[in-house]
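Next come two complexes, and both contain subunit A; in the first it sits with subunit B, in the second with subunit C.
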Partner chain A sequence: MDDALMRVATAQRSKAGQAAEIRVTGMTKHFGGFTALDDVSMTAAAGSFHALLGENGAGKSTLVKCLVGFYKPDAGQIEVDSREQRIASPHDSSALGIGMVYQHFTLVPSMTIAENLVMARSDVPRIINWRRERERLAEFMRAMPLKVPLDQPAARLAAGDKQKAEILKQLFLERRFLILDEPTSVLTPGEADQVLGLLKEMAGRKQVTVLMITHKFREVNAFCDEVTVLRRGRLAGAGRVAELDAARMAEMMVGERVIPAASGGARPATSPTAAPMLEISDLRVENESGVMAVNRLSVAVRPGEIVGLAGVAGNGQRELVEALLGQRRPVSGGIRVASRPYTAKRADIGLLRVSGLPEEPLRNACVAAMSVAENMALRNFDRAPLARSALVSRGPMLEQARSRIAAFNVKSRGAHAPIGTLSGGNVQRAVLARELSDPVLLLIAADPVFGLDFAAVAEIHDRILAARNAGTAVLLVSSDLDELLGLADRIAVIFEGRIVHETAIGSADIGVIGRALAGHAAQAA
Partner chain B sequence: MTDIGWWGVPLAVLGGAIRVSTPFLLVSLGECITEKSGRINLGLEGILVMGAMSGYAVSYLSGNPWLGVLAAACAGLALGLLHGTLCNLPRVNDIAVGIGIMLFGTGLAFYFGKPYVQPQAPMLPSIPLGAWSDSPQIQAVLQIPPLLVIGVVLAFALDWAFRNTRWGLVVRMVGDSADAARAMGYPVNVVRTLCTGAGGLLAGIGGAFLSLYYPGSWSEGLSSGQGLMAVALVIFARWQPVHCVYAALLFGGAGAVGPALQSVGITSGYYLFSAAPYVLTLGIMIAASSPRRTLAGAPGELSIVR
Partner chain C sequence: MLLFGVFVAAVGKDPLEVYQLIYAGGFGSGFAWQNTLSRAAPLILTALCVALPAQAGTMVIGAEGAVVLGGLAAAVTGYAVGDASPLVVKLAMAAAGMLIGGLWIAAAGALRQYRGVNETISSLLLTYIAIALFNHLVEGPLRDPASLNKPSTPPIGSANMLGALPGLDVHWGLGLGAIFCIATYVLIYHTTWGFAIRVAGGNARAARLVGLSVDRLVIAAFFLGGAAAGLAGMIEVAAVHGSANASLIAGYGYAGILVAFIARHNPLAILPVAVLVGGISASGGMLQRRLDMPDATVLVFQGLAFLTILASEALYGRLKLFGHGARA
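The block that comes next holds the complex of A and B.
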């Protein structure tokens, strides 16, 4: 190491334990033709607890990933302590004392927490003197109100403890600027208060500056000093939390929206008293880490209407759709389709004519290596006319695929092409073709146009409206509020696994919906 | 010759364990290193045979069995590095490459080993720990092969190294979460290649034991699948080097049950008893399996676990 580098390193070390100020000016980032960040500027003062608010896809993650050197911004500057810095890789940000706690865990599962902490350092000795390391760790842990068992392998910890360990790891590395990406999504409210309280205290002592991505207004109000709000990649507002209330922040986040008067042309007259096609009552579903992701959720969808389920991602939507489509077994509660109990088994799905368009269709609704024709036959390959006793006949299968490819305008190299080789929009069209070619009583769709281009979005929306107009009951789950406002007849807002607000589209109030999305349920409308 | 009657059975089993377990131990320690880094090398069977042949040949040509062990180690290292390097290529499956190396190693050994089937090479010496006893049986049992001593010491050293050295922790990190290792700047493929090389080296030495100590000759049927059983043994030992010692002794002892019973006159079911190690493998695997849990202790990057 030459002298200059050594001096920089020493200078950095002497600054450890001293909060850093970060100023971002004119940050812009494009992904292809899509502008994820558009001329965003913000300042996180040294020792502040700064919240970064915004809907899904507002550009929060892009902004912080530029800060830690994961992405290279197309324009804009980053200043750390009033000195311009080029952050080209996570190594650079790490050298500046900037650390990030990701939503996914980065601990090595089979190693103990102590081993994980020691190995995270950049100066691991050739032979590790555990007695000395343990003394250092014990001393470090004494100052921490968070307790994590140091001798347990990371894999054995519950999600909350893992999240604590991730935060401890960053604090152990003596970060001066700490970025947290929705740190409390896997913590209980008690644990969340404990973790955020500690960080607020450390920020108050000017040991660290915290920038936290969150959707939860409660946390912003309780712990944060300053807030920056992003909307569709642009700066939508900023200020001191003390001077803003939740309603004002929700307005910044959601923005002014025009609710379309009527959607989708001729709709059948649904009588509000018609028997529901889908009736979910008190449903509870666990996610894979044992958290009750769907918690006593009740909602009903009548024939010929689209119920839009709005919510910030991670509030139980994925688990609900998985339970409805048979990928996950509910813990308790009832699902009835056409007034009959529904278990999401193949027989039920066929008999009650339920069809599904899950998120990530290539993974959740297709076999990527099988051909378009085979994928289109997944619902009926074992029934006449495709099957005769135990044999599947290729002729009728290909015939069916060709007619569906033509009807739904699926672009592929032919019915024999593996479906994994199709573009996202065409996979979506192929799945729609399979799910909507025969009359359907109930359609479950989750983020059906995620990542698709404009033409494909319009076409798939038309298909869903056409199904609704033909009398299908549609449950449309989407994290894009605009999509729901454009398509749905009723809106239901899901928060922490239950419906906190429900309204007909005619009487929808965007302010009320915005607050409900953030967990501030008002019994309005 | 004094008659020790039924005492001969446990004594013979112990002797068998000491005599037979060394190649199991060395190969499984090597595979343990390789699997800890996140790769499986099924080619160890071929490397074992190749090590046996090259060790025997060099011992015969040079007159020094230890030079033979060195040659076997070099041959094993070369084949291990070949496996490791091939697996670094994109879209290459380590299981398939392993089967390729297995066939390549045995084929190569048979091809070059033809001239050495007849001649007698100098053997490795043994450490006579039984000199205190008058009983020839006990003396025979306590002939400790030096490679076994090396293997046991190595097992404890590895166990320590996996916990207390940067090198050991990096290997575990690479084997358990390649993403985490990459994020911290450790070269995943280099570590895995070196670990596969080290695994090959130990398997080569294990092969030299077969041809230069026990059974102590070179023939094509020498290994009879011991390299493959060592792979199973690593799973049984839950990827812990010290457990590999116990597992190797257990397997060696199980293999000696048949001959031991024969020595006291029980000859019926001899072949059944010879199958004891294999039955033991199956039994242990069934007892340790669970439909709900994944294999405890398995490195997360192993292709069979993922």
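The block that comes next holds the complex of A and C.
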């Protein structure tokens, strides 16, 4: 094995600076009963700039993780430069000259770029001869079109320079095949154009082959030569970018879907003039790093309707939901519930009967160390009958838990078990029981069925529809377009923190939605 | 226990004899029990200063600062209103001690909630500030000119001292500690406010989801904990020393951390644990007299006990992780 690796490594060194071709045939990968990749084949020619397109969960990440050896595919072959290779670990892929740049930075913030680059090498000697390393680096940098200040600590660099340094690191490691996972999600459009432009030049000189995961059609059109589109783990299409337009690619991405004529049976007659239950206007919310994740977003939800908020993950949905549920303070703009300003204070929540199903319920909606009964009482522990003046009474709390456990079929070791010991689906059911047992006027749900099995998904969808039919206004945020098409009465598409497209389900055009998801709102309108 | 035995053997004493003496010194006689219970009183209260913020999901180790400043505030108040009826003086002293102690620890809470400062570090550093402030005031502006070789504040007067519990030779501090402890238990486990504290401490995100004002709850828990420690300072002044002087800086705040951890932050469990730890430290003098061991020996014992608790807690978490892994 070591011998083989050595040979590969030697062969690779002789080819350093020469782009590699990768051909994947019949790649399949299962996770339990779920098929993440189903018989996918693709070819990235040497020196090409190849785009990998697809919705969330289409299998893009699984595919590239198989290429860099993080996952072992269940079936299929990988050929590098027309020779079949087994990639069992990141070590193997690195020996073949395949490298990956992640969405998030992996530089050590307190070290300079030079130190970061040298440390990334696998053959760093115990005592580093910095003078020799610096000479090597200087020589390497002369050949590179990307320029980054080598003596600055990584933490001081702007996002664009950091991303360039990440790419430089991969090139310094003599990669011949570079995989980029949404490389521009942290960059401004200007920075993105610069970085991608430089990579395109290098690919054009056949120094490296680039495979880029992206959602942005604009970048595909401007920089890529070839494109492969995945949909639900299968190959949905491929071709030369020059021969395809955005509409055609959007169609491949979202597929030929039949929009269900009527979902959830009888729809209550929502008059379009009814006063909105939830009214968001010009809302702006910052994320942790100070970027305006929600930027002048306006949307309204009326009683008895489900508004589906579609969008590729990372376009501000998480921040929007957190702002609506009181977990994050908006920068500006208005949230009104039942025509009153709303700040998610406990009194308001109780009065206006607002419920929330946030993503990752154990992290966002439960106290893991407290019991199922206590968690089910989070909404009403301070109201009768659970509270008598300032005292909490255990009896009614247990009684409430037992009836909710039965009604929502929560499987646990009993009402006293810490909720952290329950399985994901049962935590979700327990939260659902808490949020939907009492009448609700407004429900905010974010990816409520994420990671659940088939039966649980159907059940939770039924409960949301039942609430809608009872007159609840529902804002359903999901990155799964199928879920929204099946449930929503209206669809709004969020892109870069604002609504770029809104349509009633009856007049929805899947092509337009697909383009809006990718930020092509101008053409869509 | 075993580790401490090895330590004792290493310094050339018979471990069994030492254990016997610890028992005799702490719990072996009426006098020993008195000594133990008098030491337990402040420990109960300083342990609450760790346990209450711990229920709100934080780790405060600065009870010592609240003890010395609470004691100082009580001594000054006692002197200032010394002419009123003794009951009024005692109430005023307790109120002053609790207020100052509470505000001191609440400051660490506010720093955490509004400025993101780690409460463990800030409460510890605040303790150093408190002790420096205490020394400055006692040796300077507030010094009683009559206290010559031990700088003290003016005495509060013997009429205003806390007396003994009826039928016992133990001062009222123990009673106050026990009452405070039981009240805290009821507060944490049986009131809506305590429920909200535990939710905010267990998961601040979930608490915000259901509309609880996490910042205010956490700071209130810090304030109550600090008030308990400030009361401990008041008791030391009003029942033992009669004025505020350097004897107040006796490490009760740190021993309280040990008590709270052994009691797993349960207010009711703090009572017996405080008595146990009080007994161990009460036996220090006995060890010194009989075996010629330094009285710091018992600190070694306490330290080893603390390490063992922490290690078992870490191990417990690990084992639970294994359990999760097996189920997944």
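Assume the second predicted complex is superposed on the first by the 475 of 525 C-alpha atoms of A that agree within 3 Å, B and C clash if a C-alpha of one lies under 4 Å from a C-alpha of the other, contacts with A are read in each partner's own complex, and residues count from 1 in each chain.
Quick note on the criterion: a contact is a pair of C-beta atoms (placed from the backbone, for glycine too) under 8 Å apart; a residue touches a chain by one contact, two chains touch by 3 or more.
Worth saying up front: this structure is predicted, and the values here are computed from it rather than measured.
A.B. asks: Applying the touch criterion given at the start, work out whether A:128 contacts subunit B, subunit C, both or neither, answering first, second, both or neither.
C.D. replies: first
A.B. asks: Looking at the overlay, what does A:119 touch: subunit B (first), subunit C (second), both, or neither?
C.D. replies: Once the two structures are laid over each other on A, A:119 reaches subunit B alone.
A.B. asks: Go through the superposed model and pick first if A:326 touches only subunit B, second if only subunit C, both, or neither.
C.D. replies: After superposing on A, A:326 lies in contact with subunit C but is clear of subunit B.
A.B. asks: Answer with first, second, both or neither: which of subunit B and subunit C does A:110 touch in the superposed model?
C.D. replies: first
A.B. asks: Please indicate which partner A:90 is in contact with in the superposed arrangement: first for subunit B, second for subunit C, both, or neither.
C.D. replies: First partner only, subunit B.
A.B. asks: Specify the partner with more touching residues on subunit A, choosing between subunit B and subunit C.
C.D. replies: With both complexes superposed on chain A, more residues of subunit A are touched by C.
A.B. asks: Just subunit B (first), just subunit C (second), both, or neither: which does A:35 touch?
C.D. replies: After superposition on chain A, A:35 lies in contact with neither partner.
A.B. asks: Answer with first, second, both or neither: which of subunit B and subunit C does A:367 touch in the superposed model?
C.D. replies: Second partner only.
A.B. asks: Could you give the residue numbers on subunit A that contact subunit B in one complex and subunit C in the other?
C.D. replies: In the superposed arrangement, which is not itself an observed complex, subunit A uses no residue for both subunit B and subunit C.
A.B. asks: Once bound in the complex, which stretches of subunit B touch subunit A?
C.D. replies: Those residues of subunit B that touch subunit A are 163-167, 169-170, 172-173, 176-177, 179-181, 183-185, 297, 299-300.
A.B. asks: Give every residue of subunit A touching subunit B within the complex, in rising order.
C.D. replies: The contact residues of subunit A facing subunit B are 90-91, 106-111, 115, 118-120, 124-128, 130.
A.B. asks: What part of subunit A is in contact with subunit C in the complex they form?
C.D. replies: Residues 325-327, 344-350, 356, 358, 363-370, 374, 377-379, 381-382, 387, 390-392.
A.B. asks: Under the stated contact criterion, what part of subunit C meets subunit A in this complex?
C.D. replies: Checking each residue of subunit C against subunit A gives 190-196, 198-199, 202-203, 205-213.
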